[in-house]
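Given below, in the form of structure tokens, are the structures.
What follows is subunit A paired twice: with subunit B in the first complex and subunit C in the second.
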Partner chain A sequence: MTPQDIASKLKAKFGDKIVAETLDVHDPFCQVDPMSIAEVCAFMKDELGFNYLRCLSGVDYMDKKKTTDDLGVIYHLGAIPDASLLFCLKVILPRTGAKVATVENVWSTADWHEREAWDMFGIDFVGHHNQTRILCAEDWVGHALRKDYKSPDEYHGIRNNVV
Partner chain B sequence: MSEVNQMQASKQGDVASEEMLLNMGPQHPSTHGVFRVVIKTDGEIVTDAESHIGYLHRCFEKICENVNYTMATPYTDRLDYLMAMGNNLGYAMSVERLMDVEIPERASYIRVIVTELSRIASHLLAIGTYGMDIGAITPFLYCFRDREKVLTILETICGQRLNYNYVRIGGVAYDMDDAMLKMCGEFCKYFMPRVMEYNDLLTYNGIFIQRTANVGILTAEQAIDFGCTGPVLRGSGIKRDLRKDAPYSLYDRFDFEVPVGAGEAGTVGDCFDRYMVRMREMIESVKIVEQALSQIEAGPFKTDKIKAKPKPSKGDAYTAVENARGELGFYLISDGSDTAFRLKCRSPAFSNVSVLHEMCRGAMVADVVAIIGSLDIVMGEIDR
Partner chain C sequence: MVGPMSVPLRLPRLRKRTSPKAMASPANIQEINFNTDAATRDNVLISSLDKVLNWTRKSSVWPMTFGLACCAIEMMATGASNYDIDRFGSGPFRATPRQADLMIVAGTVSLKMAPRVKLLWEQMPEPKYCIAMGACTISGGPYIKYGYHVLKGVDRLIPVDVYIPGCPPRPEALLEGLFRIQEKMKYERILDRTREGLRPEVLVD
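Presenting the complex of A and B:
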């Protein structure tokens, strides 16, 4: 199955919920509507054989000139044992109130990956059963991988940002 | 039956089992780092387990957004510090992929040799400490004796024992001379009979088999669902190895097998199978090193097309390599500057350990140690 086949199957099934497609890059991908990502992923798993979520990454697209301040979630899908079956899905979210449907019911491995994305970017995974911080402490303030994040000056008596 | 006896008997029948929370870690010898599991027990049986991670978190990904590509390489050493060569390789390959450069053949051979030696060292530690977790101290000493030999070779090549910073973007840091190549060849000859020794010491030991067979069974479906890779997935009987299935570097030139668990001592996917996969992988790694040593030819050890401060073209790519613990992936977004815009590290042990609660459910409390040990976790890459 070529990336072209996968993209056209997704478009035939989901229509305008597939926002855009880009196939002439290193990892061909489709951009998906945030609240439809769970259905699309379930379809990818059940009908197209993507039984393995390789990687789920949060991204903050805010650049230095601040031309955009969107957040994103990138899903790298694969299959086991067929290593040639690869595809990528992306969702783009507004910075305030970033919300995306959870895919933990499709692949259980998404549970921890989504918790990490929540911890680092403050992306809300709607429907996640236990959306808590995973790498940072529970009482940590802010989301460290956002581009505009400033580390705290003090944490439990430990001083920081001291010159 | 006397009245007193009757009373006692009825009391015993009414004994209500009470749920107890048992905290294990973050400082516990069998967790190989700072890892905490809260276990719910009903008597000796584990009814549920919850993992807590993050004690070693230093936000590796944020650091990489603040230093340039070359400066980030030493930080990748500290992810999986037991197989730092593999991390260097995965990171270097992810940057090279966005730069579209060809790596000289000699450099690729050197990369294969050092990564496979590293894999042997990593598996030796996994096997040795696993024996110790379960109560066998002698195999640990034998494994460390031979691991020391690998570390000496790697130290001769690049001056470091654990955090090598050797595989660089565009090649490797220094060339390997003939004496070093000879050392590797001698080690291969020395090592093959040693595997038999470990088998005699540990693998066929009755107590070891009893402690590991039929314990912590992970089915193939569960393993794929939780994104397990490496020996944990292969122990469940799935033949998946990126070196074979999606060959990167020069791995398509070597002849080697991919060992999978077959339930030799008990059920497919138990602790013994995962252990056995590691044991057999060491033999395959030796085979790869021997073939690489016979094929390597003179030539440059790094490409001259990459400058000190590489600037990959704009774009993003996910690149994965097979590390000792499974699929190590780097998702790199470049904005065309000399610093990564975003670098996400998909660490194999992070996904492997997320399945722990499923494996512990229904196990005995004493088996939790055996299960954690069989996953071979490294906190450096779980917490990043």
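Presenting the complex of A and C:
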């Protein structure tokens, strides 16, 4: 199944919920509407055979000139044992109130990945059963991998500034 | 006891107007001979209490099992057969702070971990010593600038006796750090618990 096949099947099924597609790159991907990502993923798994979520990553697309400040989530999909079956899905989210549907009911491995994306980027996974911080302390303030994040000068009475 | 065990101790008699210098002159110092019989020779040993205590203490340093990151791998190597920290009177890594008297902070201390490090340190009984092993523990190391949640030096939290730089330090360096701790222990005084008379913090390089 070529990336073109996958993209056309997705578009035939979901229509305008597939916002954009880029297929002539190393990792071909489709950009999906954030609230429809769960159904798209379920379709990918059940109909197209992507039984393996290789990685779910949060991204901060803010650049130095601040031309964009969007956040994103990227889903790298694969299959076992057919290692040649690879595809990516992508959602782009506004910086404030970033919300995307959870896919933990499709691949349960997404549970911890989504908690990490919440912890580091503040992306809200709607429907996640336990969306709490996974790496930082529970009382941590802010989301540390956002590019405009400033680490606190003090934490529980411990100095955290550099000098 | 009677007989040979009663060792005649003849100490210099204090006379009036004897200057300290005259007191210390060889003529006034009388040798105490304990070699009078086998029982005395084999059973009596004279030393200062400080020396004996420090010797026992330095010959059995019990570190705490406390690996936080990659430096802990080197600490494990130091404990394993190749470097064999047991040769030097240390090495039973304790799983509880209450049995340990040396904390080797080996690795990156995150801010989430920092209050726990402090708690563990406070649970250790005195006298206790601390080795900061590796760049992370000394200053935050590779994470000093962009590590948003890395403690920038464990000495912001607990007193450190010996710093061992390196990323990670080699096992030999950790052994050297242990020697410095042992050397420090030699200067402990039982009546001086403020640790003021001790040698200053040392750096293994």
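Keep in mind that, in the parts below, the second predicted complex is superposed on the first by the 162 of 163 C-alpha atoms of A that agree within 3 Å, B and C clash if a C-alpha of one lies under 4 Å from a C-alpha of the other, contacts with A are read in each partner's own complex, and residues count from 1 in each chain.
By our rule, a residue touches a chain if its C-beta (ideal position, glycine included) is under 8 Å from a C-beta of that chain, and two chains touch if they have at least 3 such contacts.
Here the structure is a predicted model, which is why all the values come from computation and not from measurement.
Of the two partner chains, subunit B (first) and subunit C (second), which one does A:V25 touch, if any: first, second, both, or neither?
The answer is first: A:V25 touches subunit B but not subunit C.
So in the superposed three-chain picture, is A:A83 touching just subunit B, just subunit C, both, or none of them (first/second/both/neither)?
In the superposed model, A:A83 contacts subunit B only, not subunit C.
Of the two partner chains, subunit B (first) and subunit C (second), which one does A:I74 touch, if any: first, second, both, or neither?
First partner only.
Between subunit B and subunit C, whom does A:S57 touch in the aligned arrangement: first, second, both, or neither?
So A:S57 only meets subunit B here.
Quick one: is A:A137 in contact with subunit B, with subunit C, with both, or with neither? Answer first, second, both or neither.
both
Would you sort A:R159 into first (subunit B), second (subunit C), both or neither based on which partner it touches?
Once the two structures are laid over each other on A, A:R159 reaches subunit C alone.
Which of the two partners, first being subunit B and second being subunit C, lies in contact with A:N105: first, second, both, or neither?
In the superposition, A:N105 touches no partner, neither subunit B nor subunit C.
Of the two partners subunit B and subunit C, which one touches more residues belonging to subunit A?
Looking at subunit A, the partner in contact with more of its residues is B.
Just to be sure I follow: which residues of subunit A are touched by subunit B in one complex and then by subunit C in the other one?
The overlap between the subunit B and subunit C interfaces on subunit A comprises residues 136-137, 144.
Along subunit A, where are the residues that touch subunit C in the complex?
So the residues of subunit A in touch with subunit C come to 136-137, 140, 144, 149, 151, 155-156, 158-162.
Under the touch definition given earlier, write down the residues of subunit C that touch subunit A in their complex.
Residues 111-112, 114-115, 140, 144-145, 148-149, 151-152, 156-157.
Inside the complex, what are the residues of subunit B that reach subunit A?
Listed in rising order, the residues of subunit B that touch subunit A are 53-54, 57, 59, 61-62, 97-98, 224-227, 233, 238-240, 242, 245-246, 315-318, 320, 327, 329, 331, 333, 335, 341-342, 344, 346, 350-351, 354-355, 383-384.
State the interface residues of subunit A toward subunit B in the complex, per the touch definition above.
25-27, 51-55, 57-60, 63, 74, 76, 80-81, 83-84, 88, 107-109, 111-112, 120, 133-137, 144-145
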